[in-house]
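Quick one: this structure, given as structure tokens, is what I'll be asking you about.
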Amino acid sequence: MADGDLPTDLASRSTNGVTPARGGNPFASRIGGGGVGLQPAPPAAAAPVQPAALVGSAEPLAAAAPSDAPPVTGAGSPALGTPKGKVRLGDRVLLALTTGAAGFVVVLVVLVAFFLLVKSVPSILDDKVNFLTSTEWSPTPGNLRFGIAPLLYTTVVISILAMILAVPTAIGIALFITHYAPKSIARPVAYAIDLLAAIPSIIYGIWGARVLAPHLVGAQHALYHLGGVPLFKDRNVPTGSLFNGGVVLAIMILPIVTAISRDVFERTPRENIEAAWALGATKWEMVRLAVLPYGRAGVISGAMLGLGRALGETIAVFLILSKVSHFSPSMFSGGETIASKIANSASEFNDPASTGAYIAAGLVLFVLTFVVNAAARTIVNRRKDFT
Amino acid sequence: MTATLTRSARPTVFARPSGARKFKNGLATTLVTAAFLVALVPLVWLLWTVISKGFHVIMSSSWWTESQHNQTQKTPGGGALHAIVGTLEQVALCSVISVPIAILVGIYLVEYARGPFARVTTFMVDILTGIPSIVAALFIYALFVSTFHHLRSGWLVSMALVILMVPVIVRTTEEMLKLVPNELREASYALGVPKWKTIAKIVLPTAFTGLVTGVILGVARVAGETAPLLILVGYAQGMNANLFGTKFQGSLPGMINDEFTNLNTATGGSAYHLDPNGKRVAGGAINYAPDRMWGAALTLIAIVLLLNVIARFVARFNKVSQ
Amino acid sequence: MSSGAVVHFSFTFFAPKRHLLLLASPTERVADEGEFNVKLYRAGAIAGLIACAVVLSACSSSKKDTPKPSSPGGTGTAGGSSAPTAGKPTCSTGKLDAEGSTAQTNAINQWISDYQAACPGATINYNPTGSGAGVTSFTGGLVDFAGSDSALDPKKDEVTKAQKRCGSTPLDLPMVVGPIAIAFKLKGVDKLTLTGEVIAKIFLGKITTWNAPEITGLNKGVTIPPTKISVFYRSDSSGTTQNFERYLAATAPSLFTTKPDKDSSKAGFAGQGKAKSQGVAAAIAAVDGGVGYDEFSFAVSSGLSTASVDNGGGAVELSKDTASAAANAAKVVGTGSDLSLQIDYATKTAGAYPIILVTYEIVCTKYQDTAKGTFVKNFLSYTVEGGQAALAGLGYAPLPADLQAKVKASIATIS
């Protein structure tokens, strides 16, 4: 498809070309639709168009992918509908409404960034210590001393720990559901996992804090043997450690990453799979040769989405983590994430200067999640070029 | 991909798998199955905990008809009606604002978008998708409370939820509209139907169930959000159906959070409580907070899952996806 | 379009129609299941049925009576905490909102419950968000009165702001005496005596095992195991922390040198910070050798032992009487009807448990809405009079008689 200018948006754009291809290429449509009901029934008003006739026009159709120009329609409507080329009132209204809504979204994001900046910059300028490197946090009005370093460290470490635990497991489950389990098991399980992705995080939080945490103490003690690396050194927090928080976060993002991985694995082209079988591949070799390479981009972006969730998670982490007076890099020690710090201090928002300190922390979180999402987008877009 | 496949096209194609390959295959199968089973444990455990501890609570008749007005952790009874009403109101206001905007943005992106502004919009929707709920809450706080000196109130929560809900619905709408075959549009134009009418009468009805699905999923996404509640509204035990008053309002996540702070119950030999005169007496005191917390949790899960199930059910009737 | 189609068209018959859609919202994989629709239907139906069953059974059963009694307004019927209600309160109807200190939550919830039971038309909401938030809401006009662990601070402009909001003088009325327990869990030991200095050493990490000579020296005849001490403190801002730190600063000035603050982060405590009183109590209960400062009621509900404190005048066990005795030693520093107190943490009075906090209700002398003023007056008249009797069973201490009389006189001036 001559869609040279790949749009920036990963989630939706991947399907751009598909719509025209579907209509334009009866072949793709038939197989994609499983051979049943291949052509969506056109409403009575619409004149039946010979699908075959469109094959030839597949190219121009695709070129008109929505990212750069609306599919056909932009040109078609005024030209045909109104011979004089006059734009109808209804068209103008709808265009204005939709553009206005899009403008609202743009303004909203700009406002979020703007207000976080405006409210935090005075406090950051007034900060007696370095905002980015200090480990202090005491935003007392008049003597503001706050640094984001330990919060940022905890946020990142706990999220990465969650990723390390969740992503391989999620890939395993996704493979199990798509290529190992019998369909009678796979379907309900897949469905259940999708539903689990919708469970609110506060429920993971209360469960993690009240039910799971005591059971994790043993596991944590076993891990103490890992050695003297700073990451494992301090062992002063049995429940409520970063490890404890990371495990709960992992359980929380597991359904999300699984759902996305499953989705891409499921779409592995049958030809690739059959080609692998035909070459005499074992099941694992088939998975390694056909399924995994095909799904890599999707899994990466799913993992990044999970990471974004983990970084911004508030209430579950807030209910679980212990705070420590002296910052320690150990994952068996306690700490606070940016989000849990803000949540824990909500009752302190009674002075613009100290509130500004928390808003500054929120700004850092905003930038962090943005960077992660942007990275996911870049990876996926690049992958798309040669998948 | 072609390259990978070519590489493996060695002369061994029809040979029986060697021992090493068989072993690897077996190992992989074991690992994949193990991953599945291991992951199942916490997820089933979580659901089981909530259901087993909360089910008898939500079975109580007063749970759905009364608030926690007049209740303390030592008095039985009362219900979650105040919290259910609060959550429903907050989410409803949020939906009333989000749904039209998000669907219009979706229409814009699919039917109209072109040029740099389209790219900017897509980019902004992406950013919006990634905004953590606590940041959304902080923004609303900075805007309405710090700047305009509004007092904390239920509708502010709805405002924060709008930020979280819009991108979810925009995405679904976009996907659903793209699934509407172009032949439909072309046929419509060919008959001289103007573009707006084509969108209103052909495109939207075709994708309608898909849009409904998106909305329901958006609602399910925000109904359990807790972070905005911590910052933007107080939790009231009693009924407060006025979303706009500067008063506290109950909500299910707020109720869970509130009861969580009263959970402790000692059992066993060390347990004791105070008699009305402050003397220590052996035996643990009765505490209804855990019941209420798990009950509220189960209620929240039930609402969110029900919405998801409805979404899937509606989606089954989707014309374009079948 | 995913450019897979460009390179190997044949591979894309199963075109990745939506393969990344889920990034946007992971749970929405609904529309494009194509060939799987039939099977999905069945699986979906099963899961759907389960989910519906949970909800429906809940709904339908709501009509049935359940064994669990549900009595709105049933006060203190269970749990042995029933308050001996002295006299019927003077009733007002309408709605009051209050917010603030978490330390008085259980007391005020009990009072609200009792008051509302006696006065059917009355609704009072108390939101335990913390003293700081309570004062802010009060000065902002959001609530009718605030609960606070400290009196309005003139240095922070709180008095002027409150004056402006009321249009009259704001009052700090001491209402609840809350003993702060040094709660611990140690196998085989349920009674311990500590001094301010030893408590400071424990919390600052200078003593790390329970059988340290400083502790055994104070507890002759008690066999103390060599268990490691795990310290827990409050991670959120709290009046409990502030009063505990004031106690340390008063009794162990050489060890505890930081300025007492609601925020524990500058104190340099050893161990772990936990959010809210409940979090601290739960954490102590979970570890053998755990110790922390917490409101008495939370130590009770978690079944924790509480240490006696030797204030220099002998070991004092924590009880409502010893806490009241300490409150009796406090000086009133407020002027006129304002009754802000100065607690003498270093008191050596025999039988006075020195680690207490006094929580205030912050009110206006004159409310713009006179009905509100009367309501506040009626409610607080109840809490200072009949309500005090309910406190002991909840882990608080009643106001000492002298102070109670003063508070009553101040409340009489509210209108």
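Read from first to last, the chains carry the letters A, B and C; within each, the first residue is number 1.
The rule is simple: contacts are C-beta pairs under 8 Å (C-beta built on N, C-alpha and C of every residue); 3 or more make two chains touch, one makes a residue touch a chain.
Note that this is a predicted model, so its numbers are computed, not measured.
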{"item": "Chain nearest the overall C-alpha centroid of the shown protein atoms", "value": "B"}
{"item": "Longest centre-to-centre distance from subunit A, chain (CA-based)", "value": "C"}
{"item": "For subunit B paired with subunit C, centre-to-centre distance based on mean C-alpha positions, whole Å", "value": "29"}
{"item": "Mean-CA-position distance for subunit C and subunit A (Å)", "value": "37"}
{"item": "Mean-CA-position distance for subunit B and subunit A (Å)", "value": "15"}
{"item": "Junction residues of subunit B - those touching two or more other chains", "value": "1, 129, 171, 175, 179, 217, 220-221, 260, 263, 305, 308-309, 320, 322"}
{"item": "Sites on subunit A at which at least two other chains make contact", "value": "11-12, 15-16, 18, 22, 192, 194-195, 198, 255, 272, 319, 346, 349, 387"}
{"item": "Junction residues of subunit C, two or more chains touched", "value": "4, 7, 11, 18, 21, 24, 27, 34, 37, 44, 47, 51, 129"}
{"item": "Residue ranges of subunit B in contact with subunit C within the complex", "value": "1-2, 51, 55-56, 58-66, 69-79, 129, 149, 151-152, 167-168, 171-172, 175-176, 179, 210, 213-214, 217-218, 220-221, 234-238, 240, 246-248, 260-268, 270-281, 284-287, 298-299, 302-303, 305-306, 308-309, 311-313, 315-316, 318, 320-322"}
{"item": "Of subunit A, residues touching subunit C in the complex", "value": "1, 3, 6, 10-12, 14-18, 21-22, 27-28, 31-36, 62, 65, 137-138, 183, 187-188, 190-192, 194-195, 197-198, 213-214, 236-240, 255-256, 259-260, 263-264, 267-272, 297-298, 301-302, 305, 318-319, 322-326, 334, 336, 344-350, 376, 380, 384-387"}
{"item": "Residues of subunit C defined as touching subunit B within the complex", "value": "4, 7-8, 11, 18, 21, 24-25, 27-28, 30-34, 37, 41, 44, 47-48, 51-52, 54-55, 57-59, 61-66, 68-84, 97, 99, 102, 106, 109-110, 112-113, 116-117, 123, 125, 127-129, 137, 140-142, 185, 190, 276-278, 281-282, 285, 298, 300-305, 319-321, 389-395, 397"}
{"item": "Residue numbers on subunit C that touch subunit A, as the complex places them", "value": "1-7, 10-24, 26-27, 29, 34-37, 39-40, 42-44, 46-47, 51, 129-130, 132-133, 135-136, 230, 235-237, 263-275, 283, 286-287"}
